[in-house]
Structures are given as C-alpha cells and as structure tokens.
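Common to both upcoming complexes is chain A, partnered first by chain B, then by chain C.
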Partner chain A sequence: MANKSVWSDNRFWQRTAAWVTGFAAVLLIWLTFDTSAQISMGTDADLKDGVTKRVPGPTVINYKITYEMSTKRGHEVPVIGEKEKFFGRDDWSEEEAAELLHLGKLGSQAKNCMDCHTLLGNGAYYAPDLTKAWLDPAWGPEGSLQAMTGKNTKEEAMAEFLQHPSQYPTHERMMPNLGITEKEAIGLVAFLKHMSSIDTNGFPRNFGKMQGAVHGK
Partner chain B sequence: MANNHLTSESKQLATWYFSFAAIIFGAQLLFGLVAAIQYVMPGFLFEIIDFSIARILHINSLVVWMVFAMFGSVYWLLPDETGIETVGIKIGKLLYWVFVAAIVIVVLVYLFIQVGPADETTIWFITEGREYIEAPRWADIGIVIVALGFVANLFLTGMKGKQTGIVTVLMADMIAFAGLYLAGMFFTDNITVDQYWWWWVIHLWVEATWEVFVGAIAAYGLIKMIGARRQVVEMWLWIEVAMLFGSGILGMGHHYFWIGTPEYWWEIGALFSALEPLPLVAMFIHVLYDWGKQQGEQNALGEKVSVINNKPAFTWFVLQAFGNFLGAGVWGFFHTLPQVNLYTHGTQFTSAHGHLAFFGAYATILIGMMYMAIQGTNGIKVMKHTKASIWAVSLITIGVMGMTVALTIAGYVQVLVSRAQMGATWAGYFDGQSGMWFAQAMDWRLLMGAVTFAGFLFLIKDFLSTGKDAAHQR
Partner chain C sequence: MFEPMTDIVPSFFAWLNQGPLTLTIFLHTVIILPMFWIYKQEKNRLENEK
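The block that comes next holds the complex of A and B.
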C-alpha cells in the first residue's frame, strides 16, 4: 500500500499505547512514593514537638482536636490543641494508643462499618459520614446524642452507643447490634478520634458549623 | 447439553462461566432490592439481613458475576482469535470449580456469620470489611491462584497460536488486572494508606483494566457480528488503550482528593479524569460508519447486503457504547472536579454514577457475550430477537436509567441539604434523608429496581429458550 498515513497505521498506535501507558504508570509510581512519605503516620515525638503530619500518630487521642478555617489554605484543617482526657486519661503511651487504634481499625473492618457509613467519604450512604464524627456537636456536652446515652463525656457516650445501638434509636433507620464489646468500643472511639485528626484537605466543608434553616424552619 | 454444536473445550468452559455469572447476576439484583426496600422501610429484615449485609452481597455479586463473565468471554473468543484450542484447558476447568466453591462459601459466611470480633481471624475467615473487596483473606489467596491460572492459559494460548491485536491487548490487560488485586490484600492501621491502595484495586480495575477489556471484547464482537474490518477495529482498539490508560491511570487522582493525601491530586485527578470519557464511543461510531458505507456499496452493486448475525447481542453492544459514555463518562464527569466533589463525595450521586456506569460499561456487553455464546452453542447462523429478549433489554434499560435518575435527585437533595446547608453532621445527614424529595426519590428507585428485576426474569427466560427457537436461521 503506497502513501499509507501514519494515522491509520496500527503499529504506530500500538507503540503510542505502550508509551502512554508506560509514562502514566511511571508517573503514578513516582507520585506514590511522594504521597506515601506524606501520609505515613506520625509519632508521639511529632505531636510533642508540634510537627504537623497529615496523619498524626495514635497518641493524638491525648489531645483536643478542633476543625478550623485556615486562611492560608482556604479550607478547614484539623488543629491539635492542648491535652484532653480520653476515657479519663491524657497520658496514653505510644504503645497503648497504637494498640487502641489497631483494635479500632480492625473493628471497623470486622463489623463492616463501611457498608452503611462512609469513612473519609468512601463506603455506603445508608448512614452518616464518620470522617469527622468525633467533632460532631451532637456528641458534645450540649449535644442530643450525648444526652441520650446519659454519659458525661463524648467518648463514653460514643462507646455506649456502639455497644447498644438499637437501644438508642435516633431515627426510624437504626444501627443494628453488631456484638461490639466494651473494649472494642473503646478502640473504635479511638479510631474515630484519630480519623478526625487526619488532614482531609477541607472535607467535609463547614462541618458542624451550620445550625437550623431547613425547609424554612 | 443435547444438540451442542461446540467442538472447542474452551467454548464449553466459557458457557460454564456464563451460566454461573447469570445466576450471580440474579443474586446481585435480589440483594439490591433488599437494600432498596430498606431505604423505604428501615425495619425490613432489621438485625436479620441488615443493610450492610445486603449491600455487601449486592456489590460483591456484581463484581463476581462480571469477573466470571469476563473470564468466560476470554475462553469464548480465544479459539476464534488464536485458531487453536486453549492451552491448559483441563486446569482451567478445575480452577472454575475451585472458584465457584470459594464464592459459595464466601457468600454463605457473609449471610450467616456476617461480622466477627475485632481481630485478625475475622479478616482471614469472615470479612475484610473493605467495600467491594470484603472477601476474607483466604478467599483473596484463592482468587489470586485462580486468576493466575487463567492468565497462564491466556498467555500460553496467545503465544502458541495466532496472536492478534485483540489477544495482545487482552494479555497485557489481564496480567495487570490480576496483579492489581494484590494491592488490596494487606492490613494497616493507617486508614489513609489503606484507602490509597484500596483504590489501586477498585479504580485501576473499573476505570482502566476493565475498560480496556471491554474495548477488546467490543472489537471481537464487531468483527464477529457485522464483519467489521479487523484492521480498523484493532487500530481503534490501540487508540482506546492509549486514551483509556493515558487518562485512567492518573485519573485515579479523583479518589485522592479527601482521604488525607496531598493537594496536588486535585489538579492531577481533575485533569486526567476529565479526559476519561473521550475514548468511549469512538471505535463504535467508526465501525458503524464503515458498515453503513459498505452496505451502501453492496446495495449499489446489487449484492446481498450484509446483515447483523446476532440481533440481541448487537443490541446489547450498542447499549454498551452509549451506556458507557453516559454512565461512566457523563455521570462520572458530573462530580469529578474537586470543586464539585467536595460536596458530592460520599452521597447518592456516587451511587447514581455507579449504577449507570457498571450497567452501561460492563453489564450490557457481558450480556451481549452471553448471547453470542448461545448462538454458538446452538449452531445459529443469524440470531433474531424474541419477544422475551426485547422485553428483557427494554425493562432492564428503563429500570437502570430510572434508578439512576432517582438516585441523582436523591444526591442533589443530599448535597444541598446535608452538605451545603447543614455541614455534613449526623443531624445534617438525617435532615437530608428525611426530606420529601429524598424519600420520593428512594420510592422511585425501588420501583425502578423492581422493573430491572422483571427485565432480568425475561432475560433468563430468553437465555433458556431462545436457543431452540425456530425463528433463527441455522
């Protein structure tokens, strides 16, 4: 065939496909190295030295966490503040905290949390997003969920709810009883508190800042 | 099977894969209905088959039936493409039964054990609790072994027989497909790292390797059904590979906006995922154009005009070309930019996109392949539509489209009320869920789900009866 254009040549497109795929894959792998370094979990020393990590160490459970607007970044970021008691203690050692987080993360998978809830926005949409659940005003001192359980702290209220969810129906749609033990519940609350400290680039927006004003109410 | 026209063992094995796939497809729809009912009546099967269990079964059977139908498609087309019997078919048949047994056990454990204590034994034997790949670790290992056996069969056959462009693409694609599964097989306490690698499986399957896979299947189908020129089809296949991998691999960035990963994924994810819809219809349009031209030429010369030799399969392939563009392309683009995704991430929007994309891109073409297998098994030269096949394709398409529109409306309510207005809290979430428009959308979704299921019943009726129908040319 004379005068065959390169644009209708299969060899040309085959090579193009191979090069484009190779280039994209190499770029992805390179970015993965960079990202992996940035999302590795911090340490207790980082927290004590005020080093900001995208994913702080497990001992973040010893600190107060808030979600505040950063004018520099143009969205909200988790801010790790002064010490705060978690189940009566603010001196959880690195080992103890890591153990709690490990238990909680395992629990989140063993109970299929992600198949009703979203975690970091991923999962199912049958129940509220848990990314910043720890910071939800409903669990706070004035919150309806804390009041419902009759507990005095956020962590105790959450742990109580997790162990007996169908005793505390908030809506017609309820969380089922998943056989969560007291120890597992403490681990899960530690996992939730840790997750709320992860820098999610401002997701979700305006969390816990808006009140009222639905359907003209 | 009586009157079986298949001489190839590879094709025989393909029909086994297709049969099991069709059964699991039914399971997917049934558990989808259970979950849809629970949105409307939350007490339904509460603490018996909770939403989480129904949903695991819904999405896992989705993945499983598609993988089965994909393996079946490869075993079906290999003898045609390579000109030889598939190498290692005995092992292929053994692995089929291993795969089926593993799936049945996993499903029974999901249904009757459901959850376990927070320790490693649960991860190994009950559930890994990670959306789409909840299968416990022992099953992961089994799946990898089965997949490697399948890939080995494909490679050995491709290297021994004629290695067409379609086979070359499938070989490269399937090794990536099997290898990527490994990225989802470890446990970490760091949920950001967890989700980073989890997307390597989910995204690089669904938005890269699976897309290329259906490109190869579409190429094969067009050659088989309307005698499209291999040269043109394979050229488009290579262009598709370049465009799909070129956009899809880095398009993964759109899952890295909010999981704790750095901000640069905003730009990378937005740019590359926005390019993803481009390649999705090109090959098909070119081939139809060529076909029309060829028919016109034949007509002018007074020759017998070429016909589609499998109407139902062709209908499903046409639906795939447009369903893929609409479901994966348009509905995906709706919420792929970070400025929009900040509010739509984790809402029913995603669910709307998921329903139309999995249906449009994958279910359609795999059903088409099943029809091609029925045609081959029964020695039919020109296969026509039956009443049941028309009812099936109409009801399923209307049903899925209806669910998609309903879920999109539900997603809007969620975005506006729960997210924008109420800031995504527990209370905000339920304000959105209890809104009238959300509730109505969920009613419509259930109704449309039932329509889809009715279509599925027609499809099964047609699968079981059309082979013997006297209307086809033999």
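The block that comes next holds the complex of A and C.
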C-alpha cells in the first residue's frame, strides 16, 4: 500500500477521540468536586471567625449585609458587617435560623415565586429579580416600598408586603395575593436575606447600577 | 494579557475562567499538543508497516 496518510487512518482519530473524551471526563469530575466544595454552606463559627464563604451559614440573618464594589474582582460583592436585628432579634441560633430558611425555601417553592421572579438565575423575568432583593434600597429606611407599608424595618415591610401584595401599588404588573401566612412571610424574608448574602460573582449584573444599591453611591 | 486571579478562592477553575486566552492556551496544550504526538506515533507506525 503506497503512502497511506495519517489523516485517513482510523487509529489516529480513535486515539485522539479517546484522549479528548477521557481528559474532558476527568476535568468535569474534578469541576464537580471543586464546585461542591465552593458552594457548601458555611457555619455560625465561620461567620464569627470572619471566614469568607460563597454561601454563608443561616445565622447570617443576624448580621447587616451590604453590597460593595470590589475593584479587584470588578463587580459588587455582598459584605457581612456588624450585628443587625432581624424581627427584633440578633441572636437567632443556628437551628432556628436554619428552620426559618427551610420554611422560606419551601414557601418559595409552594407559592411558585419562580413563575414570575428570578432566584439565583432560575425563574422568570416577569417580576423583579429577587436574588439581591434584600439589598434593594427601595426596602431600606428611606425607600418607597418600606414607606408604602408603613413599617419601620426592612424585614417587617417585606413581610407585610408578602402577606398582602395586592393591597400595595408597586408596578404595572402587580403581585397577586398568594395567601402567605405571617410565619411563612418571616421565613421568606429570612430566605431572601440569606440569598442576598450569597456571593454570586456579581449576578445579577444590573443590580449594582440601581441608585443607592451599592454602599456609598 | 494574563489577568490576575480575582476569584474568591484561588482554584484551577478560577484561573481557567479568567479570560479567553487562558482557556485557549489550556485547551491547545491538552488537546492539540497531544494530537501532534499521536500523529507522529501513528506516522511512524504506518511507515514501519510498509
């Protein structure tokens, strides 16, 4: 056989395909473990010791969360600050806080928030993205949403709104009344507060451009 | 050309995600370079078969 080309040789392509497939498999398995380590939830001790975790422990609801521009990373990152009262308490234990977050998570699923809202990149864009809703200045002390509910704190205002959303004029697309109870509302607000403390690499991108959303702007 | 590591935790995947160049260099190293090596081996094999 005269001068058979390597390019038309089956064995060359078999070996190349085997190498690429095998290498990609190893890389993806490695990526899976790397990711699970990075998204594992922190603990109360981590928060007290100032250990930075992408997903802080549930007791993060006892702390003030702000959104600050990180020039090094080129986007905003949630910063966990000093203690802050959440529904009148800043001593929620790890068990209590975890229970509250669990209730909020189940509530968000039962009421199907994602039918209209986006949570951590999942859901719809019919209604506002809730990933960083806790940091929205509209719910803050001088915010229009807090003023609308007549409450004095962010968490109470959000809980009040969640229980009677159809009473408050917010947007052309008004939120319907979903029959959320007081307890569920507290859980949902805790769930949202915890979510806002998750380091999402600056997602959603446009949130930091909101007036007053980032500290000092 | 090479961006500094900016991820929250320095890791291999954080490095890989820094920009298009790191990914390109990495994929060429692990896919294209071994292909040259496989190519040479197969060429030798075909020549020896003759």
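Keep this in mind: the second predicted complex is superposed on the first by the 179 of 217 C-alpha atoms of A that agree within 3 Å, B and C clash if a C-alpha of one lies under 4 Å from a C-alpha of the other, contacts with A are read in each partner's own complex, and residues count from 1 in each chain.
Assume a residue touches a chain if its C-beta (ideal position, glycine included) is under 8 Å from a C-beta of that chain, and two chains touch if they have at least 3 such contacts.
Model, not experiment: these values are computed from the prediction.
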Chain B versus chain C as contact partner of A:Arg54, first or second or both or neither: both
Partner chain(s) touched by A:Arg205 [first = chain B, second = chain C, both, neither]: first
Chain B versus chain C as contact partner of A:Lys72, first or second or both or neither: second
Partner chain in contact with A:Val6 - chain B first, chain C second, else both or neither: second
Partner chain in contact with A:Val20 - chain B first, chain C second, else both or neither: both
Partner chain(s) touched by A:Gly107 [first = chain B, second = chain C, both, neither]: first
Most chain A residues touched (candidates chain B, chain C): B
Which of chain B and chain C A:Asp34 touches, first, second, both or neither: both
On chain A, the residue positions that both chain B and chain C contact, one per complex: 9, 16, 20, 23, 31, 34-35, 38, 54, 199
In the complex, chain A residues that touch chain B: 8-10, 13-14, 16-17, 20-21, 23-25, 27-28, 31-32, 34-36, 38-41, 54-55, 58, 98, 101-116, 118-129, 131-133, 136-138, 144-145, 166, 170-174, 176-179, 181, 184, 187-188, 191, 195, 198-210, 213-215
Residues of chain C that touch chain A when the two form their complex: 4, 6-9, 11-13, 30-31, 34-35, 38-39, 42-43, 45-46, 50
Of all residues in chain B, those that touch chain A in their complex: 35, 38-39, 42-43, 46-47, 50-53, 55-56, 114-120, 122-123, 126-131, 134, 165, 168, 187-196, 231, 234-235, 238-239, 241-243, 245-246, 249-250, 252, 255-266, 268, 342-343, 345-348, 350-351, 414, 417, 419-431, 433-435
Partner chain C, residues of chain A touching it in the complex: 1, 4, 6, 9, 11-12, 15-16, 19-20, 23, 30-31, 34-35, 38, 52, 54, 72-74, 77, 199
